[in-house]
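Here the structure comes first, spelled out in structure tokens, and everything after it is commentary.
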Amino acid sequence: MVKFLPLSEAVAWNLNDGDTVAFEGFTHLIPTAAAHEAIRQGFRELTLIRMTPDLIYDQMIGMGMARKIVFSYLGNPGVGLLRRARDAIENGFPRLIEVEEHSHAGMANAYEAGAAGLPCAVFRGYRGAGLAAVNPNIKTVSCPFTGEVLAAVPAIRPDVTFIHAQKADRKGNVLVEGIIGIQKEAVLAAKRAVVTVEEVVDNFDELHPNLTVLPSWTISAISVVPGGSHPSYTHGYYIRDNAAYLEWDEIAADREKFRAWMQKNVMERTADDFAARVEHLRIAA
Amino acid sequence: MVKFLPLSEAVAWNLNDGDTVAFEGFTHLIPTAAAHEAIRQGFRELTLIRMTPDLIYDQMIGMGMARKIVFSYLGNPGVGLLRRARDAIENGFPRLIEVEEHSHAGMANAYEAGAAGLPCAVFRGYRGAGLAAVNPNIKTVSCPFTGEVLAAVPAIRPDVTFIHAQKADRKGNVLVEGIIGIQKEAVLAAKRAVVTVEEVVDNFDELHPNLTVLPSWTISAISVVPGGSHPSYTHGYYIRDNAAYLEWDEIAADREKFRAWMQKNVMERTADDFAARVEHLRIAA
Amino acid sequence: MSDSKLGFTPNEMMTIAASRALKNNDVCFVGIGAPSAACNVARLTHAPDITLIYESGTIGTAPNVLPLSIGDGELCDTAVTTVSVPEMFRYWLQGGRISIGFLGAAQLDKFGNINTTVIGDYLHPKTRLPGGGGAPEIATSSKEIYITMAQSKRGMVETIDFYTSFGHGEGGDHRKRLGIETAGPTLLITDLAIWKPDPVTKEFTVVSLHPGVSRAEVQATCGWTVKFTDALEETPAPTALELKTLRDLQARTKAAHAATGKEKAA
Amino acid sequence: MSDSKLGFTPNEMMTIAASRALKNNDVCFVGIGAPSAACNVARLTHAPDITLIYESGTIGTAPNVLPLSIGDGELCDTAVTTVSVPEMFRYWLQGGRISIGFLGAAQLDKFGNINTTVIGDYLHPKTRLPGGGGAPEIATSSKEIYITMAQSKRGMVETIDFYTSFGHGEGGDHRKRLGIETAGPTLLITDLAIWKPDPVTKEFTVVSLHPGVSRAEVQATCGWTVKFTDALEETPAPTALELKTLRDLQARTKAAHAATGKEKAA
């Protein structure tokens, strides 16, 4: 059964050194507060899975927490490159990391297969693409009816998935809305799931029946962290801090600047600091 | 581009003798008015696809319109058997029909594969089940990573799909809500799609972004037919006419009674008659 | 059958015995009929937090009246969420999230194999039944399967005409040999008795007789030679609360379903 | 570059030329940057009903400002519907519903093959670029591919370092030989010219020079020997409406993106 816990406890209880972990969010609802908590607790040897690794994996890689990264777009969305990830891959700083690279279609299908309890995903993909030659986890199967050769990738089954969502009800059901990305699949594919939410409401009685609601029994822990997806955004609560994404490009460009920023903005902070960061981004009610 | 047409024109334009056609609806939103229009227009040699054939396929089979039926549950839901379909399969009356039978999982995955543009669906199914031995369209593929043997069925790609939905906006976008069943997949899997709706509204500006909306360019024709799913129901408009389902069991039990009922309630009627049939079932506003 | 002697009917006993087998943290894939009644009695008595899922896509539903079909509006209105049918079968059933799959049967054999497809030959059936619907995969993807049915020699047979859904096959480790990793049928509740599979042979064995039922009655309404456990128990009779809950539910259901026909009849 | 002489910049010409290639009934899979600007200029001028789809799941979106990322809230707020990412890639892209896939490139070869993955060796890259994201399947599932990029010898190369997405491969019928049934790159729009593939060889050939651009300039900024069509045209200069639409859009965008940083800077 789901537990409501402070974020530090939810992270400590569900994440372990060496875990395969997904902090998911497709531009929207990125679980930054949870990632920062994991950084403060200093986990090591993680396999980080995410379609769009974004700032938080740049930070975790820069802090030397990752053994391997599984991804389909290693960029700062709309801005450019992820410079800490580049430094690790190009120069082995602060350590070498293993890379498993897919296309978005490959990752999306692999999460879907994980949620669906299948060992692999089958789709039409990677035709003529170089990734098929460098990633041994891209194979093929033939359609037994037409003979068409289709791509196959292993299902993604994280030890634990972290997501950020709009709200939970008191029973621990969770609502995700807006650009819902891959979050439902990432939760259902995982052995354990931790959700940070903007707020808790009494009940979901007035919700439309077809919204994306994760039943309480699919979640391990919920932590209330207003602003927890900053500098990403939470549809209905606050907008994306585009300036922070532009700013990150400069911070991550320099190893020392990065360490100093992390020390000041992550290591010496807590999850409670996120609310203030989105104050000027809140949507007028 | 989608056209708003009277139902008789929409059916005449999109359905042809010999077509493979799906009238979908999973207990909810069954497109009865469209099926009755097809019966009146007297199409022949149809391959009828549907997870739960229900009363409308019992009627079409009883009228001798079907060459073949593809299904996963040939019952009157909650009541019992479909007696006209039985008469065709057991006694060849009014004609013999070919049967292709799947499980719900098989049909749902096959529609999903059709919507996804794949030649086949791959899932964990039919293990130890007798259908795998009698249906040559149930085959297997092996996972190239684990060796697990999975079931495969061909994708469903109807020539035309008919569904009933709550409403369209003036641009021809369509909203389906409540028990959404397999309708989105059935539309996206088909070459052509016809939708009957309860009403047309100016726009969908106030709709929640994650509802099931079929964009206008995925639909061939829309016909406004209030009550068009009776004796099934339309969430938010009127409730299921359970008494009519119970009554059908008696009507369909007898060949003569069936013909007389069809003559009176289908052949001599029009789509405009549906509104009155749901008057006593409308949900209090 | 009359309830004059015992104060309850065999069917009521069956439904209530089935409801008792359900736990508060179960996630049930519910079929229509006795399973639906049993699951909702459990929810209204000892298992208020039980999760009921109907294959129409309604998750965590709490209907006030029993649905006639698996897709009645009541199920959606009271659900935590309603998903598409492909999602239901992919993420929720195949995803391994169902603890108890509840199945009924037209024909059942002693190993929990079920036929709801045809009586007679598949290609030239004597009686064409509705078929499997969700059952083939419910039977293999749910962690456990509970079966409910009223006993009869026609229904409980030595050999079923068609394997709509797989139970324990020929018994023993037949499931494992087919690569099926779930437990399969672990409980059979009839109108006369409670049955559990033998740990080794997997043959259904009577472990409890309902009040007033004899071994002879169980055998007389079953097409195979019935095995009884050594420590045979008597099923506790329905409590007043259980009976009232079931009967109120059925009365509400009857009234609601009849209501839609009123204007027609008038 | 300055717009003082012609009244518009090469980048503006590129974006506007790309916007003109789009039709009112197109369904575009839009990437960030020039493609996004082009698609929205088309929507705001001659193609008001064009369907714009961003891979974040937003279908039929009509943003008032250009998104910085493919998942900005503006896209969802103005969309006809917003679906999950697996659905986007399965039903909408793989389902064959996209008429035009719009791609940019870090490296491009003359057959429309694109590299956005690495400069140098894949395992030991000189520069690790973001990678393909949606591009590998956009390139093969969209009915046609339009490419936009600013010309440079570093970007338009004889041989790309990595096949992030497949264009016409080695040219000719290479797509067909790999079982790819879609048309692939049918249009390349740079800041200097409009290019189309030769019907047989599939090599990109310049069909139109933007106003004031010479053949020599095109060749000087391209890493392969450029072919020009016999009937070489001049791209019509941007109209006042096109320019105003693009500049207004970019001004709105700049104001909106800067706004989020205001309090920080203060």
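Think of it as A, B, C and D in the order they're written, each chain with its own count starting at 1.
To be clear about the criterion, a contact is a pair of C-beta atoms (placed from the backbone, for glycine too) under 8 Å apart; a residue touches a chain by one contact, two chains touch by 3 or more.
Keep in mind the model is a prediction, meaning the values are calculated, not measured.
Trainee: Looking only at C-beta pairs that count as contacts, which pair of chains has more of them, B-D or A-D?
Mentor: A-D
Trainee: Report the chain whose CA-based centre is farthest from the CA-based centre of subunit D.
Mentor: C
Trainee: Taking each chain's centre as the mean of its CA atoms, how far is subunit C from subunit D in angstrom?
Mentor: Distance between chain centres: 57 Å.
Trainee: Where the centres are mean C-alpha positions, what is the separation of subunit A from subunit B, in Å?
Mentor: Roughly 39 Å, centre to centre.
Trainee: Using mean CA coordinates as chain centres, what's the gap between subunit A and subunit D in Å?
Mentor: 28
Trainee: Specify, in ascending order, the residues of subunit A that touch 2 or more different other chains.
Mentor: Answer for subunit A, listing residues that touch two or more other chains: 112, 116-118, 123-124, 148, 178, 180, 184-185, 209-212, 235.
Trainee: On subunit C, where are the residues touching two or more other chains?
Mentor: Each of 76, 82-83, 90, 94, 141 in subunit C touches at least two other chains.
Trainee: Under the stated touch criterion, can you name all the chain pairs that qualify?
Mentor: Result for touching pairs of chains: A-B, A-C, A-D, B-C, B-D.
Trainee: So in the complex, the part of subunit C that touches subunit B is made up of which residues?
Mentor: Answer in residue numbers: 32, 55-58, 67-73, 75-76, 82-86, 88-90, 93-94, 117, 122-123, 125-137, 139-141, 162-166, 169, 174-175, 178-180, 257-258, 260-264.
Trainee: Considering only the defined contacts, which subunit C positions touch subunit A in the complex?
Mentor: So the residues of subunit C in touch with subunit A come to 25, 27, 51, 59-60, 76-77, 79-83, 90-91, 94-97, 141.
Trainee: Within their complex, state which residues of subunit A touch subunit C.
Mentor: Per the touch definition, subunit A meets subunit C at residues 1, 112, 115-118, 173, 184-185, 188, 204, 209-213, 215, 217-218.
Trainee: Which of the residues in subunit B come into contact with subunit A in the complex?
Mentor: Subunit B reaches subunit A through residues 116-120, 122-124, 137, 139-146, 148, 150, 152, 154, 177-178, 180, 208-212.
Trainee: Where on subunit B is subunit C touching in the complex?
Mentor: Residue positions touching the partner: 26-28, 51-52, 71-75, 77-82, 85-86, 89-90, 101, 103-106, 108-109, 111-112, 123-131, 134, 148-149, 178-182, 184-185, 212, 233, 235, 239-247, 279-281.
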